[in-house]
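Each chain gets a letter, A, B, C and D, in the order it is written, and its residues are counted from 1.
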Amino acid sequence: MTGETGRIEAFSDGVFAIAITLLVLELKVPRELDHGPTLAAALAAQWPAYLAFTTSFLTILIMWINHHRIFTLIGRSDDRLLFYNGLLLLGVTLVPFPTSLVAEHLRYEGQQLAAIVYNATFIFIAICFNLLWRTAAVNDRLLHPQADRAAVERVFDAFRYGPLWYVVAFGLVFVSVMTSLALNLALAIFYALPHERIRRSQSRKT
Amino acid sequence: MTGETGRIEAFSDGVFAIAITLLVLELKVPRELDHGPTLAAALAAQWPAYLAFTTSFLTILIMWINHHRIFTLIGRSDDRLLFYNGLLLLGVTLVPFPTSLVAEHLRYEGQQLAAIVYNATFIFIAICFNLLWRTAAVNDRLLHPQADRAAVERVFDAFRYGPLWYVVAFGLVFVSVMTSLALNLALAIFYALPHERIRRSQSRKT
Amino acid sequence: MTGETGRIEAFSDGVFAIAITLLVLELKVPRELDHGPTLAAALAAQWPAYLAFTTSFLTILIMWINHHRIFTLIGRSDDRLLFYNGLLLLGVTLVPFPTSLVAEHLRYEGQQLAAIVYNATFIFIAICFNLLWRTAAVNDRLLHPQADRAAVERVFDAFRYGPLWYVVAFGLVFVSVMTSLALNLALAIFYALPHERIRRSQSRKT
Amino acid sequence: MTGETGRIEAFSDGVFAIAITLLVLELKVPRELDHGPTLAAALAAQWPAYLAFTTSFLTILIMWINHHRIFTLIGRSDDRLLFYNGLLLLGVTLVPFPTSLVAEHLRYEGQQLAAIVYNATFIFIAICFNLLWRTAAVNDRLLHPQADRAAVERVFDAFRYGPLWYVVAFGLVFVSVMTSLALNLALAIFYALPHERIRRSQSRKT
């Protein structure tokens, strides 16, 4: 039983680790002959790539932390769980694509479309997370018999309101692409920063 | 003993996770200067790449789920098992190549050959799965002493008839490339979707 | 509890393993048509890439060994630990970028800037290691109750003086880029080589 | 203790899995516009790449199997073991580079140099394997107290004579590049094929 979710976690960890590491391939090294006056100028011109890298890295990191938290509460697996976990991983492996799309097209004609694809990916992932969690937790279908009830409630809360921010970021694309991406970065930093409240409850648990 | 198949599973998980994550590298970001009128048109023109990505992702995911199921029943390993597992992983790591081949050549002169290579890869993988399973399960050579007999029978059944669909898809290449690829996608979705029958028997087991 | 740091270690191992393996992508194979007189000349001209590969490989390897040592002493995790571990992994996945930057621009106009970025990355990683360790070890916040006190003290010592060398290497960039990079390589080799003192105390532990 | 070699194995598994999966990136998909008359001709012209892929895949697979066998006998680790294991992994991550070098330059001016680099990589790996094994096994330094003595002797035997074949392959480069590469492929297939003798002794162990 532990063995079964154990291998799901190992496989998922592998996919998260690879997706988060592949992001660095987006940071293109200016070739010695390609750029104009100086390397400094060539590197500075790539700022959208650095921003996209940082946002995506933090976002995948948070997704991994969430995945990790959820699976400490899940005790069994079935085909439906495998399916939604697979869809979620599909979303995670996709992240380098919209990241690169935004980095390449920011400040050009296609920036709005790039931001739409970027935000849509994260909404897709948020939906997968909800389906995965509801498959496991509604009626305690697949939860650990000893799963901490307070922790279960906190996940339900987080998944109820969290995705709304991504919908707001999606909507903002049509007002201002930059504001939408800034909200994404702000969300990534906010969720990545350690929160006293959560830490306290965590240490209470252990 | 568990340790031995444990490390085979860990290594295989790594290979599956990387192969499934590398698929995203097939999704090329249209460069700002490369494309014609709009980014939207450039992205839309890539639909074969999205289709190939989705099909291959789901197919590798199903292969991982099958690998996972088989190894819950296998209790020991020997050189022959390591060899067939290695051949199977060779097939799995190959998947991004025929996927990319189809995405690049669909609608052009080479599309039939690309589809032949694509289908041949999956038939090769199906054969490896059969050899791996038969090495472990015929005469209970390497099965867990407590392996669930009904689950063993279900794997025998699945491996007897499942590969036939890939042979049909292979044959269809010579009639219609599109139909063959559509069958591949349909098979991937069909097998990926959770099936009540299987889930019920799974939860009975746990 | 072990389970919790267990999955952090597994995810981190994945990231370290991928980052260290992606370094090889920096070694570009001279194409048959690209190079002038001979393949030998084309390969020889790439020596900065080999040097950068070796230095980065050894450096990531040492970082993994350090990470591994630290986590044998850490018994619990909380959000702050996850956050600093995440920042550390961000630094680790970045390594292929400055490595490639140095390999591409050594002996050209941008070599000083490339060396600055390279050294800054390692200082950033050293800071993350310190924050991670202090989060765990100050007041024994998250250490194993049975953690070897002498080993804990050795880590405190190593983290107090070790980063100074990276600051020296950073400063040297403004004097001589080559000397700075040579110091980096020397540090990597020095730390990678097995040290009798450490080995003795290790075997004492086991 | 198990924990310590456990994490070395996990990290090494990750590196092996990634190195073996990255090999597929050597198989370049002929672009729709690049090739001449037909896709079939373009694919056929790539036969050195397929040969190099197969040889390298089987070789890394065998190296993983050897690594796996060795570590079932090793019970403790120290800095020297970590160092030689690190050097071994450096060799393993390098494999895609000489593989690609041979695939690109076979049948051209640089094929002999490419084959030298290819063979030198495998000799380097064989030396690392020997140093790793001797560090662990001479005087039973780091072996499991219950390690199967017959298995230990078999590893000593295999490591005494096995590397000679790679030296022969290296020497053959100066006679005939093709013969040398053919010997590499033959060795890879020979060692990958399951051997009755070994299998019998394995199952005796379990």
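Note that a residue touches a chain if its C-beta (ideal position, glycine included) is under 8 Å from a C-beta of that chain, and two chains touch if they have at least 3 such contacts.
These figures come from a predicted structure and were not determined experimentally.
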Interface of copies chain A and chain B: same or different residues on the two sides (over or under half shared)? different
Per mean C-alpha coordinates, the chain lying farthest from chain D is A
Per the C-alpha means, the centres of chain B and chain C lie apart by a whole-Å value of 36
Note: chain D sits from chain B at a C-alpha centroid distance in Å of 25
Within chain D, the set of residues that touch 2 or more other chains is 10, 14, 17-18, 22
The answer for chain A against chain C in the complex is residues 9-10, 13-14, 16-18, 20-25, 27, 29-32, 38-40, 42-43, 54, 57-58, 61, 64-65, 68, 72, 192-195, 198-199, 202-203, 206
As the complex stands, chain A meets chain B at residues 1, 3-4, 7-8, 10-11, 14-15, 17-19, 22, 76, 78-80, 82-83, 86, 89-90, 93-94, 96-97, 100-101, 104-105, 108-110, 113-114, 117
